[in-house]
Amino acid sequence: MKSINVETCKQMIIAACDAIIDSKEYLTEVDSKIGDGDHGIGMSGGMEKAKAALLAKDDLATINDVFKTTGMQMLNSMGGASGVIFGSMFLGGIKDLEPATELDGELFSKIISASVKTIKLRGKAEIGDKTMVDALEPAAAALEKADKDDLTLLMGDAAMAAAGGVEATKDMVAKFGRAKSLMERAIGFQDAGATSVMIIFEAMHRYLQAQE
Amino acid sequence: MKSINVETCKQMIIAACDAIIDSKEYLTEVDSKIGDGDHGIGMSGGMEKAKAALLAKDDLATINDVFKTTGMQMLNSMGGASGVIFGSMFLGGIKDLEPATELDGELFSKIISASVKTIKLRGKAEIGDKTMVDALEPAAAALEKADKDDLTLLMGDAAMAAAGGVEATKDMVAKFGRAKSLMERAIGFQDAGATSVMIIFEAMHRYLQAQE
Amino acid sequence: MKKIINRPETFVKEMCNGIVSAHPEFEFIEKYKIIKKKNIDKNKVSLISGGGSGHEPAHAGFVGRGMLDAAVCGDVFASPSQIQVYQAIKETASDKGTLLIIKNYSGDMMNFKNAAYLAGEDGILVDYIKVDDDIAVQDSLYTVGRRGVAGTVLVHKIAGACAEQGKSLDEVKKVALKAAQNVRSIGFAFSSCTVPAKGTPTFDMGEMEMEYGVGIHGEPGIKREQIATADELALRMVSALLEDLKVDGSSEEEVALLVNGFGSTPLQELYLLNNAVTRELAKKNIKINRTFVGNYMTSIDMMGASVSIMKLDEELAELLSQKCDAPGFKVDG
Amino acid sequence: MKKIINRPETFVKEMCNGIVSAHPEFEFIEKYKIIKKKNIDKNKVSLISGGGSGHEPAHAGFVGRGMLDAAVCGDVFASPSQIQVYQAIKETASDKGTLLIIKNYSGDMMNFKNAAYLAGEDGILVDYIKVDDDIAVQDSLYTVGRRGVAGTVLVHKIAGACAEQGKSLDEVKKVALKAAQNVRSIGFAFSSCTVPAKGTPTFDMGEMEMEYGVGIHGEPGIKREQIATADELALRMVSALLEDLKVDGSSEEEVALLVNGFGSTPLQELYLLNNAVTRELAKKNIKINRTFVGNYMTSIDMMGASVSIMKLDEELAELLSQKCDAPGFKVDG
């Protein structure tokens, strides 16, 4: 698929919401190892709100609206570190974006790159600090590099890169979040937020594949 | 044996102390079922104090002194229901007693009967209320009935009667102590204080047998 | 056993020392394990309570202005001996006399009463009241009176306020009795507790079980049941308490409410329970004059809680609102 | 999971309602989970704190005269959102401005700072300080600053007393910063905690194990170790705290001491720990100005405790002794 319209974009994001909601227990397990065990609870709560808001709105005119609705719900309902960070994942990418009604590979890559920038500004985490940035930044890089003609394939690249990032977090000590005081003890365990990023990209990829 | 002197009486009581001290865990287990699980702790604590006081005193001139030393230590060091009740077991019997330097069956029976009276006055418990009275009163009755010529045999009768009393407590609901609020749930479990009475008589009996 | 502890043998002594170091207005008479105010006011009735340790902040935490003058600390779950109580009476004797507030357990009753008798022989003016607020067991063939549990805290408060006003021993006793007669409690537990000297829980419970109608010594309750929700517990406890108190919301009576934790239940759950209890009272049209939520009369590290309700008349309400300042219980007027 | 609970989804809301019913001087803004004083004094700096729920009595229990004006309650262990904090700032705005006291966790810092920014856009005078008193992790390559834990309670107290005196926002901020810079904490846990929505403990521990250097969210500490005695723990914690504070007993400096329980550890153990800690300080010749023992900054139902020490100068000591009256923290002058 080369691009998708606003409604399909909305459905794609809803698919991501569903994937996170279905992963509630798993994410909580992951966060229990080296965090405080609530990441799945927080993320699924935020995604339920986001999904409900997307479903309630029949008048989403632009891609920007879809991302904004999602991000605002997360930011305001979730709280926690991930409320701001994942809120910014959706809000940061469209901050300076002209209204768009079609989402293609070019635009998606631009959005995610801008997201990464906002998140790093907000949270100060860099690659290697064992946060969701370790999944999102590689995804953004993969998007930039990818052939922009096929949104589905490109989404697959992003998901793969995110998954690689999750793997990489296992070898890191954490500089942010609850795990930071664990020092070397955090090694061997993946980051919860990075895992969420991976799940989101994988779900969007699966959704697009199903539409082919 | 027809009678024992003050020193032997002291050793007999110390044997009872040792038996309780050795039964600390067992008594605590018994009290855990329907009480607050501290009877063994309290009794062994009191008996250690009593033993130490008996050992420290070389000048115990009378049987009365032996019982008094034991009872006072329990009363003042143990606290709890059993501090008063078991203190009275030793103090109550000699309250109005002429000084004696030999303990025979007649005297022992008199002492224990007076103990029972004091305890019932103090604690208001009667036979059937699932307390140590259910072991001590049958022991007193056995003593009264027994042939007073052999202290050893007579002590055996008392121990048997106390053991029967312990058995009987299993079928009772409690009217005093921590078990009283358990109502019917206390049935099937023996009373902790009654168990202590049995252990004390059995130990004294064993001690006398060993002296034959 | 996982406890912050050195040795079970010295547990109570070390704990008492820790209380007194945190509260320099207290004095610890180590030999008799008495925690008392440093300065005893000879012009007010002295109030003494106590019992086995393991109920912290009870009873030492209730020593303070407008509450107790001394607490006598027994070993864990064992009443102090009569000598300990007798010494406490002597050490805090006032010109107005002394009132002992005793929870209705055999051991406490016998030791405190004997101590009062001994002190009386010395010419000290001393009297006592007993508290038996636990409604778990209906008075019946089997028992001689109910247990004294968390409601005792409110009796301390009322008696303390009355004594603070300089009233006579008779007056203080009278109002303390009234308070005791108008308070009822009922509790439940999700776990037993671990007596330090024993080192293992007094009894075990399944993952879905609770004990209803427990006392404050880790002893089992009147019934083993399936766990229930906060709302279900609140409805059941409030109904039972009001029935026993004969309060039906038809008159203007107010009540005091005490939601008490047993030691290991966090404050968040106690407040949640308070929410449910308060709603039940509101449904029944009963006005709450004042609410206390916290750990007041604990059972070492038991999980669970009790609810106490005291029916107030004007006098009790007024005394309840008097300023009082003890480490474990503060009212700011 | 054995908790006094109805449903995890409504846990925080029901708990907040329970707090407000027990303390009628509070108001609960349910939509934003804000607990605030009913009457905001426009002539003093408003103080706001908060964070995830699960730390009760923190933070709502510290709302009261001489302490906070509002607490913003997030979900369990999740910072409140920026909108919640922003609304709290608006609802309690005073002519003298508002100070936010933030514990140093990513989530709290981001949400509270964003809220301050939003409120600033509205023309509200607002500033913040962060507390990072936990010494479990030495500043290192890996971390951006230490965590904020139980020492925060003393910062609330100091800032509250200063605000109560009518000082300006700058003055209150300055003294709050001084308090934050002079307090250090370290904690250990004998168990993890159970987040209601998760229903099982965050991590498991063996019968003889403890976690040393834990935070207040049930996360593991810096090290899994064999359990130690109260005396060993006290020696180790006091030494580490004093070293970090650079207090060696050679000067006349006094300290404030806070022995804090994590929720399921009974008061008796906290007092016992206080005994050991106090003795260690005395050995090192360090004078304790004031001691607080209790559950102040909990981690739901975690077993364990932390020790916080604040180095006092004259100003801090004077503010610490000011009267303050919040449900979870009272100083009577």
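The first chain written gets the first letter, and so on, giving A, B, C and D; residue counts start at 1 in each chain.
The rule we apply is simple: a residue touches a chain if its C-beta (ideal position, glycine included) is under 8 Å from a C-beta of that chain, and two chains touch if they have at least 3 such contacts.
Computed from a prediction, not measured in an experiment: that's the story for all the values here.
Student: Given the touch definition stated above, what is the smallest step count connecting subunit A to subunit B?
Tutor: The least step count works out to 3.
Student: So what's the Cα centroid distance for subunit A and subunit C, whole Å?
Tutor: Here the centre of subunit C sits 54 Å away from the centre of subunit A.
Student: What whole-Å value do you get for the distance between subunit A and subunit D if each is reduced to the mean of its CA atoms?
Tutor: 32
Student: Pick one for the touching-chains graph, please: line, ring, star, complete, other.
Tutor: Line.
Student: Under the touch definition given earlier, write down the residues of subunit C that touch subunit B in their complex.
Tutor: 52, 74-84, 105-107, 110-111, 114, 134, 136-137, 140, 142-144, 147, 195, 197-198, 202-203, 213, 215, 217-223
Student: Under the definition above, what is the set of subunit D residues touching subunit C in their complex?
Tutor: 2-6, 11, 14-19, 21-23, 53-54, 56-57, 61, 190-191, 207, 210, 227, 229-231, 233, 259, 263-276, 278, 288, 291-293, 295, 298, 300-301, 303, 305, 325, 330, 332
Student: Considering the complex alone, what residue numbers of subunit A touch subunit D?
Tutor: Touch residues, subunit A against subunit D: 28, 32-38, 41-42, 45, 75-85, 122-124, 173-183, 185.
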